[in-house]
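Two complexes are shown next, each including chain A; its partner changes from chain B in the first to chain C in the second.
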Partner chain A sequence: MIKAEQKPVDEILGFLDAYKRILLVGCNGCAAVCHAGGEREVAILAATLRMARKKLGQKLEILEETSPRQCEPEFVDALAGKTEDVEAILSIACGVGVQALAERFSEIPVYPGVNTMFMGKTVEPGVWVERCQACGNCVLHLTGGICPVTRCAKQLLNGPCGGSRDGVCEIDGETPCAWQAIYDRLKATGQLDRLELFVPAKRWGRESRDRGPRTIVRGDLKQ
Partner chain B sequence: MRAGSHLERVMEKGLFAVTGQLIPPKGNDAGGVKKKAELLRGYVDAVNVTDNQRAMVRMSSMAASSLLIGMGLEPVMQMVTRDRNRIALQSDILGSTALGVKNLLLLTGDHPCLGNQVDSKNVHDLDSVQLIDCARRMREEGKILGGEGFAGEVGILIGAVVNPFGDPFEFRVVRLAKKIDAGADFVQTQPVFDMNRFKEWMGMVRDRGLHERVHIMAGVVPLKSAAMAEFLRSGVPGITVPDNVIGRMAKASEPAEEGIRICVEQIEELKEMEGIHGVHIMTVDWEEKAGQIAEMAGLLPRPVLW
Partner chain C sequence: MGSFVPRIVAFCCDRSGYRAADMAGGLGISVPETIEVVRVPCAGRVDALHILRALESGADGVLIVACHRGNCRSLTGDLAVRARTEHVHEIMERIGLKRERLELCNLSVQDGPKFAETVRRKFEYLKELGPNPTR
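So, the complex of A and B:
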């Protein structure tokens, strides 16, 4: 799922300087799962912001909402009734949610309350790690189910660089070397021969994020 | 003849090749580059010109290579995939060969976070194996990636780097094989300090017959001090320095001389090793010692070939 973390409160306060009444919208999808933008976080952030403004002797009225999924048009539409007299919207959904609101409510400024980080998995409660960069042409079949695009610091597709030592990456003493992990896994599964394959240059420009937004059209689902 | 370079002739004749190293300055002083290059004249067959080594901003390897050509020296222009996408890389292959570069050494490069531009957007569009494949296709098919042709010919000797000291160890020979298959004509290894591991690796190389398919040059670095040995061991990715070498450096009364002695001993051992076709002497900003090392190791005079 998408992982996000809250922006520093001071940065958020800076966005809101000029406003007296805002709508704060969370999301019960990914942002809630990674404890960055669900109902609970909406309540905590609202209280924090109110308090901070009170200290400055200024009032801030905050309407609180949490959308089931801010990336879906029908749920965004459902917020339409809540924006009356609202001077700005603060969203603590991922960047997709923030933009969905900005597209829908074209007259109202929308601000992001979180930094959207990556697609990843939960390692343990409170620890998330990136696992996929949505490169658009998955190579996990070649690499034992371990993603070199995400996990190798140089995105190498043909094996480890010279800096891999004792299982750690050259970038620091803590990051595991993706290619050591790939090697170990292919060895364990009896698939070491895959390492001999030449993997040609990736088509980043066609399949990846470098060409403006990618679009999927499923004709069978389109109305 | 693929490139018609001097280095290629030396290798094709089965002579033991010697390359040196020039690290372009953190600045634009052409005179300084020439001065350093002059120290290598006559002692090596070609000079590797590094490409923003350790991810530090320096004079470009293409410009420094061009300065060397102007002096009648032969560069091995290094190119890393870290800073340029395939457009820039292929453009630089065309540009450098137009300037007279005949030897390229293609590698990934150290990660930007180890250098002085940690906030850069790191490129890594191609990896080194893909770049080698790309260069070979430019040379052999006259085509850039994607299949389009270009005017002219790219006569280049293609070099690669292999690290027998990285992990996973068994993969290191696979990696060499991939680079040969992709098109490497010669490879230079990371500096050899751990001779035992190097021998083990060469055994694996010979078992696969890879030494028959590519010219292997072993890298050596003359140590200046025990501190430098320690720094290479702990601070430079991909280099291992065993305890006995550190110990010798620490005990020496004249560490710099001891470092050169160790280097010469290594070269002598490497000269005798089946499958080693040359040495790459990486002096790391100590160019004035290259001649002495070559002399002491019995590598002089260098052949003059036409």
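So, the complex of A and C:
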């Protein structure tokens, strides 16, 4: 899922300097799972911001809402009744949610309360690691289920560079070399022959953002 | 500042802090009347939001009374609340609240006198420090 972390409180307070009544919106999707922007985090951030402003002798009224998913139009529409007399919206969903609110409520300034970091998995409670860069043309079937785009510092597609030493990447002496991991995994699963398949350079124009935001259209679902 | 009477919220573990508070009462040891004891099944149940809500609702200080380290019947409650306390300390510093307003202490069932002493010490400290500026 998408992983995010809260921005520093002073940065958020800076966004809100001019406002006395705001809507703080969390998201019960990815942002809640990584404890950055769910209902609980909305309550904690609201209490923090209110106290910070009270200390300065300034009132800040915060309406607290948590959307089931801020990236879905119907859930964003459901917030329409909550924006009356609201001077600004603070979203602690991922960047997608922030933009969805900005598009829907074009007359109200929308601010991000979290930094969206990456798509990743949970290592242990409180620890998340990046595992996918959404490159648009998955090669995991060739690489033993280990993503070289995400886990190789150079995003190499056909084997390690000269900086791989004893299974460790040259970047910091601690990060495992993705290609060593791929080799070990393919060997363990009897699939070393896959290393002989050439993976062509990515067509970044199609598989990345060179041509603007990528779009998926499913004709069978589109109304 | 002379008329200022600090208000303290004490989250007390049912298996240690709460029983120590009960013992203090049973022994007739006086504690400041403005303490509000909140009984929790384990100190590990105390969330950042509970602490912030207490402060926002007007508490001048918050005490969390947990079991001694390694003595938690829920195994890791004392460790969980320690990490959570540190997290709230960071939040408090960010918004200019003195971190000492929030304190985690470890007591056992028979620490009635020590509970009272801890509360009195906190009370005097907060009296000196002044009211919670965010309430």
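We adopt the following convention: the second predicted complex is superposed on the first by the 223 of 223 C-alpha atoms of A that agree within 3 Å, B and C clash if a C-alpha of one lies under 4 Å from a C-alpha of the other, contacts with A are read in each partner's own complex, and residues count from 1 in each chain.
Basically, a contact is a pair of C-beta atoms (placed from the backbone, for glycine too) under 8 Å apart; a residue touches a chain by one contact, two chains touch by 3 or more.
Model, not experiment: these values are computed from the prediction.
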Which superposed partner A:Gly163 touches (first chain B, second chain C, both, neither): first
Touching partner for A:Thr48 - first (chain B), second (chain C), both, neither: second
First (chain B), second (chain C), both or neither touched by A:Ala134: neither
First, second, both or neither for A:Arg40, with chain B first and chain C second: second
Touch count on chain A, higher of chain B and chain C: B
Partner chain in contact with A:Pro8 - chain B first, chain C second, else both or neither: second
Partner chain(s) touched by A:Leu195 [first = chain B, second = chain C, both, neither]: first
Which of chain B and chain C A:Ala78 touches, first, second, both or neither: neither
Shared contact residues on chain A - chain B and chain C: none
Residue ranges of chain B in contact with chain A within the complex: 81-82, 86, 108, 110-111, 113-114, 122, 124-130, 133-134, 145, 161-163, 165-168, 170-171, 174-175, 177-178, 181-182, 190, 237-238, 240
Chain A to chain C touching residues, read off their complex: 8-10, 40, 43-44, 47-48, 50-52, 54-55
Touch list for chain A against partner chain B, complex: 153-167, 169-172, 177, 179-180, 183-184, 195-196, 198-202, 204
Complex interface listing, chain C residues touching chain A: 47-49, 52-53, 55-56, 91, 94-97, 133-135
